[in-house]
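Two complexes follow with chain A in common, the first pairing it with chain B and the second with chain C.
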Partner chain A sequence: MSDLLSQDFLTALISGALVASVPLLFASLGELISEQAGVLNVGLEGYMLFGAFLSFVIAYNTGSELLGLLGGIVAGAFGALIMAVLCVRMNLDQIVIGIAIILLAEGSTSLLNDAAYAETRPSLGTPSEFAIPLLKDIPILGESVFSQHWIVYVGIALAFFVRWMLLRTSAGLSLRAAGEQPQALDVAGVSVVKTRMLATLCAGALGGLGGAFLVIVGAGSFTPFITQGAGFIAIVIAMLSRGRAPWTILGSILFGISLSVATALQLIGISIPTDYVQMLPFIVVIVVLVLFARRSYLPSALALPYVRGER
Partner chain B sequence: MSGPTGTASTESGTSGTPLLELRGISKSFPGVLANDRIDLELRAGEVHALLGENGAGKSTLISILSGMYHPDAGEILFEGSEVRIDSPRTAIELGIGTVYQHLTLVPTLSVLENLMLGSEGGFGKLDLEAERRRFDELAELLGVDFSPGARTGALALGQQQQVEIMKALWRGGSRILILDEPTSMLTPQGYEDLRNEVKHLTADGLSVVLITHKLHEAIELGDRISVLRRGRKVGAVSPAELRDQSEEQLSEQIVGMMFGEQASELGAVELEPVAAGRLSPDRKLGEVALTVRDIDLEPDDDVTGLNQVSLKIRAGEILGIAGVDGNGQRELAEVVAGQRRHVGGELLLFDQDISGLGVRKRERRGLRYITDDRLGEGTVGDLDVAMNSVLKQIGSPPFWKRGAERRDEIDRFAEDLVERFDVRTPSVQTRIANLSGGNVQKLLLAREFSGDPKVVIFNKPTHGLDVRTAEFVRDRIREAASGGLAALVISTEIVELVGLCDRIAVMSRGVITGEVENRPGVEEEIGALMIARAGGNS
Partner chain C sequence: MKVKLLELGRAVLIALIPIILALAAMGVVLLTLGRDPVSFYNDMFQRGLFEWQGFQESIIRSAPLILIAAGFIVAFRANLWNLGADGQFLLGAAMTAGLGASLLGSIGVWPMLIVTMLVSAAVGGAWTLIPAYLRGSHGVNEIITTLMMSFIGIGVANVLVKGPFRTDVGGVARTDVIPFDDRLPTLFGTRIHLGFLIALAAIIGVHILMTRTSLGLRLRILGANPRAALHAGLNPLMLTVIAFAISGALIGLSGSIEILGIQGSFRADFNPAFGLLVIPLVFLARLNAIGSLALVILFSVIQIGGESAARQAEITSDILLVLVAFILFFMAIFEYFRIMRGQEPGYVPAEVMDRLRAGGDADDHGTPEGALQSGPGDSDGAGLKGTENE
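Moving on, here comes the complex of A and B:
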């Protein structure tokens, strides 16, 4: 039992949980913004895959982590642009298009990966760490929490920024109105279509960044289907957060822990068949949904197209 | 050419450039000419009342003014120069604020947030201090009594409307306020408040366009009246006429415009809205058909709770339920119909307990519910008229046989209903969503009246219908009651209940605050009971 609480185990668990939770955090923040505006991104998983692949290509070829991360943002936003044009502008069904985007992303990234890297299987170097002075010397926490890639801290700060943006800015008000009562926004003279397109692009950009993190900081290489359902888990986190951005941190860490438990257990020599351990996050999804889904709140106009003058 | 007729020419008698002028505005939708060459003018500090039945084109006209629709033809002049109002934003920039009939507030936002919606600033921080001061200013002008931080969805409807008016005035420099059927959900007290608000605002130089289908409101509030009928402006009353003529003369003149040649007979209907055909209070009633005793219902986010509600209706009797919308009437109806489980109390249909029975079993025993949500709950919009007429009997003979649909039977049944209830539809194969509200209601009545019902709950049976259809519906209710039906009629229109019911119970916040026998002069008593415990609904 004492093994379970050893320093190595805790460091591995916490550090692993953080790394696993960051892609979820970015993606769920993006999805939360977009859901507030009334767009449900079923294709979030696809944005992440686009982001993961392009960031790998760029980081591998340029050797720059930063350019890789930016590439992820661009690729994710590209996926979301398809969504924004087809669903927000042209009022097609959000769920159908979302599924199509996932399939497109899975197919195209796998194909391109096979074509370019199937033989060489390249990987990136160790990601850089940013250790916070003083705090990094705290036992366990210093090594696990305060010695991470800088983008981790950006993610946490971003959650609080999104909260502020939604509650305290005019743009945030417009977003919330677009998802709850788009007609009210329209008669107030703000374009519902523009607001929703912008929100969708945010979801794409942040989803893509999440995917990029997965490759650059997490795995170090791209493999087909690398996201493994993270996009869907992020949708669940966004829904359970009920529009309150900081809650996505909590949700992401909860799922992050369930993803990192396997690695940590192996580290201390307790070996459970990986198949079981890999089921854990999805079991957690089900448990969380059963326990809390009744308390989730979705904006009234979520996934409904807006047509002026139609009731 | 059959352009606008009547006394429209008298408007040119007033001097100066009007603040807003419409010339020959036309707008058509597939199959409907909603506005046909309408001319209109609005002067500073004036209330211009637009009067007309449902479907007369009033709402289309204001949608054009507020930038929601673009006219097919015609021009709009603002202070003498032509403008193009191509989006709500343009309307706002011109100083045209609109209070829509269907509220356009975001219920989950606070009052202040709703007011700030659409303000400039993008990602900059909102200046809450300044916005709150602006709120206080307007709150004083309008005399409102809620806080800027209140959740909008939690306010009473009258208060929400005040928020709408504040919203319309929120951006500085408002010149014109458009009110679309503003009284449709107000208490008598709320109406008085609105009247005062309008007076204050016009004294400040604001112009008001008031859309209404109620004659007395147009006469009381308007400085000038234009009458619309079937998309055309069919007449106008000038300020001078409004000043000099008695209310009766005016009424007669306007009813003439509203209904044209049939004015004489319908005039009586409109002026004495419903009292005409009331059943004799001395007629003999049957046994007690429905007993509701001490029913409770737990309140919820969007459910008004019920508290110790008791009612009794005899066969052949019409019992009215008065009250401001959203005070538990719908919940009561749903509890009786079996759509909602109550806690405690008793529910008896001819002395038999029906608390444990589902909707369908209650229906078989002769209890029917005609919902006010005609398009949502009452019908399936995508199905045709025929299928909607047998909606509650899907799978049962003679319309289905061993699971197979028998189209002939269904059509024949529907055709009979359509014929008897005068439903205006091209055929029974027409999608019901294409019918007007009045015709949908007629079909619902026909459907629920078929198969010999004993007790029928009518939830706002004439809501949103034009005068003629409304009277048709009331006639059918009276007719059924004289044939022994026990009718429970929920309505927000006191005049309607007075013209229809034997007794009237009043609901406020889920409680029956009183029950009165219907007799002359009972309206005030009802009004008092409506606000008896409603408190904050001013």
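Moving on, here comes the complex of A and C:
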């Protein structure tokens, strides 16, 4: 039992959980922004895959992590651009197009990966770490929390920035109005379509960044279907956060722990089936919902196209 | 009759155009990859449609998909998002695979087939109870809850298969294999098994249920406008539970059929993720049972034929995902231009075409039934846009 508190185990657990949770954090933040504006990105998983693949190609060929991460943002935003044009601009069905984007991303990245890297199976070097001075000397936490890739800290800061943006800026007000009362926003002279397209692109960019993190910091190489449902988990986290951005940190870490705890336990010789652990957070959330059921708050115009003049 | 035939012909033609466009776009992709699109498509349709063996494979593949489509139609018509199909499907499959072989020894073939199918349907239906209750009584968004229950269901299915249901034979974790002769019987000397007929009966049954019975009408009222349903003295909680239970039961049954008809046993981590593939098909058919049936069979032809064509062309079969994505994009875009030009969209027979999603015809036709349509403000946030009211 004392093994459970050993330094190695705790370090592995915390740092593993952090690495597993950061892609969820970015993706769920993006999804949260776009849900606030009334767009449900079923295709989030697809944005992440696009981001993961392009970031790998760029990081592998240039050797630059930063360029790779930027490539992830661009690729994710590209996926979201499809969504923005077809669903926000042309009012096509958000679920059908979202699923089509996932299938396109899965198929095309697997195809390109097969064409380019099937024989060589290249991988990236170990990711760089950014150890925060002084804090890195704290036992356990120093090695796990304060010696991570710099993008981890960016993600955490971003959650608070998004909160500030949504609640305290006029852009945030427009975003929320687009999801809550699009007519009112239109009357106020702000374009609902533009606002929603921007929000969708945010979801794409952040989802793509999450995918890039998955490859560059997490796995070190691209494999087809690498996201393994992370996009859907991120949607769940975003919805459970009910529009409050900092909650995505909590949600992501909860799910991140469950995705990584089995690996950490193996370090100290305890082997439990991953199936149990990975179900756990979902079971907890369901139990909490059953016990304290209350209306899950979502913007009232979520997933509904906006047609001017229509009631 | 003549008019109906003409309309049907038109509907088929309209459905074909986006598919042809998607095949053309895919041809460009194949060319850039240095493969010959003509021979790829030749292989695909030969194998999936024109060769008797391959066509049978396509029909066999379509059986579980048709049942899933039937399950989606019931829920979606009632404006309930059942996004937990994978969990329900795998639980159904795990129950059948786990119980099948042992029941076989104790009660014989036919009772085993019937009992396993019923158990799987019951488990699939039961798996929707929590989301249905939360939605019906507290308005908790069912997109999240069904998704979460799906993840839990996938986990439980695997725990069962790796634990209590695991076979004593060594090797990979799997259930006991149901012997080939004791699976669902094949029909009329073909390889197509009884599951296909069950699936056909189910989707026709769903069509009749939704269009010809009072329960179907009540479910559609619930879907069109929950407030109106309450006003009309309906019990939304009850209706939500019923719709979800039917939906989950059909999807659970689909898992059972997949095992009893094709797989024979459940290997750990088996997950074909059919749910995600069937949802857009059902939507493009505008939640119409017959239209969904046609699209699902077409999809099966593409899958079976495409897998073989991809092998021939030495390319990963994931290329089919791209093809399906193209078809979905082109169908959606094509439909957009039809709405723009004020024509009724035509993937399905005429009587269903009338009612569009909120975006389309509320202004164009200004029907009095528009009052039943849920406006942006009425919805619980996850409103189905396509509501059909009659």
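Simple rule for what comes next: the second predicted complex is superposed on the first by the 288 of 311 C-alpha atoms of A that agree within 3 Å, B and C clash if a C-alpha of one lies under 4 Å from a C-alpha of the other, contacts with A are read in each partner's own complex, and residues count from 1 in each chain.
Keep this in mind: a residue touches a chain if its C-beta (ideal position, glycine included) is under 8 Å from a C-beta of that chain, and two chains touch if they have at least 3 such contacts.
Note that the structure is a prediction, hence the values are computed from the model and not measured.
Peer 1: Is A:275 touching the first partner chain B, the second partner chain C, both, or neither of them?
Peer 2: second
Peer 1: Which partner chains sit in contact with A:169 here, chain B, chain C, both or neither? Use first/second/both/neither.
Peer 2: first
Peer 1: For A:186, select first, second, both or neither according to whether it touches chain B, chain C, the two together, or no partner.
Peer 2: A:186 sits against chain B, while chain C stays out of touch.
Peer 1: So, A:108: does it touch chain B (first), chain C (second), both, or neither?
Peer 2: second
Peer 1: Quick one: is A:253 in contact with chain B, with chain C, with both, or with neither? Answer first, second, both or neither.
Peer 2: It touches nothing on chain B or chain C.
Peer 1: Which holds for A:91: it touches chain B only (first), chain C only (second), both, or neither?
Peer 2: second
Peer 1: In the three-chain superposition, say which chain, chain B or chain C, touches more residues of chain A.
Peer 2: It is C that touches the greater number of chain A residues.
Peer 1: If I apply the document's touch criterion, which positions on chain A are contacted by chain B in one structure and by chain C in the other?
Peer 2: Correct list for chain A: 299, 309, 311.
Peer 1: List the residues on chain A that touch chain C in their complex, please.
Peer 2: Interface residues on chain A, with respect to chain C: 40, 86, 90-93, 95-97, 99-104, 106-108, 110-111, 114-115, 182, 224, 229, 232-233, 235-236, 239-240, 273, 275-276, 278-279, 282-283, 285-286, 289-290, 293-296, 298-307, 309-311.
Peer 1: Can you tell me which positions in chain B touch chain A when the two form their complex?
Peer 2: Listed in rising order, the residues are 63, 66, 68-69, 87-89, 91-93, 98, 100, 102, 104-109, 113-114, 116-126, 167.
Peer 1: Can you list the residues on chain C that touch chain A in the complex?
Peer 2: So the residues of chain C touching chain A come out as 29, 33, 130, 133-134, 137-141, 143-145, 147-149, 151-152, 155-156, 158-159, 162, 276-277, 279-280, 283-284, 315-316, 318-326, 328-329, 332-333, 335-336, 357-359, 362-363, 375-377, 379-383, 385-386.
Peer 1: Tell me, which parts of chain A touch chain B in their complex?
Peer 2: 165, 168-171, 173-174, 176-177, 180-181, 183-190, 299, 308-309, 311
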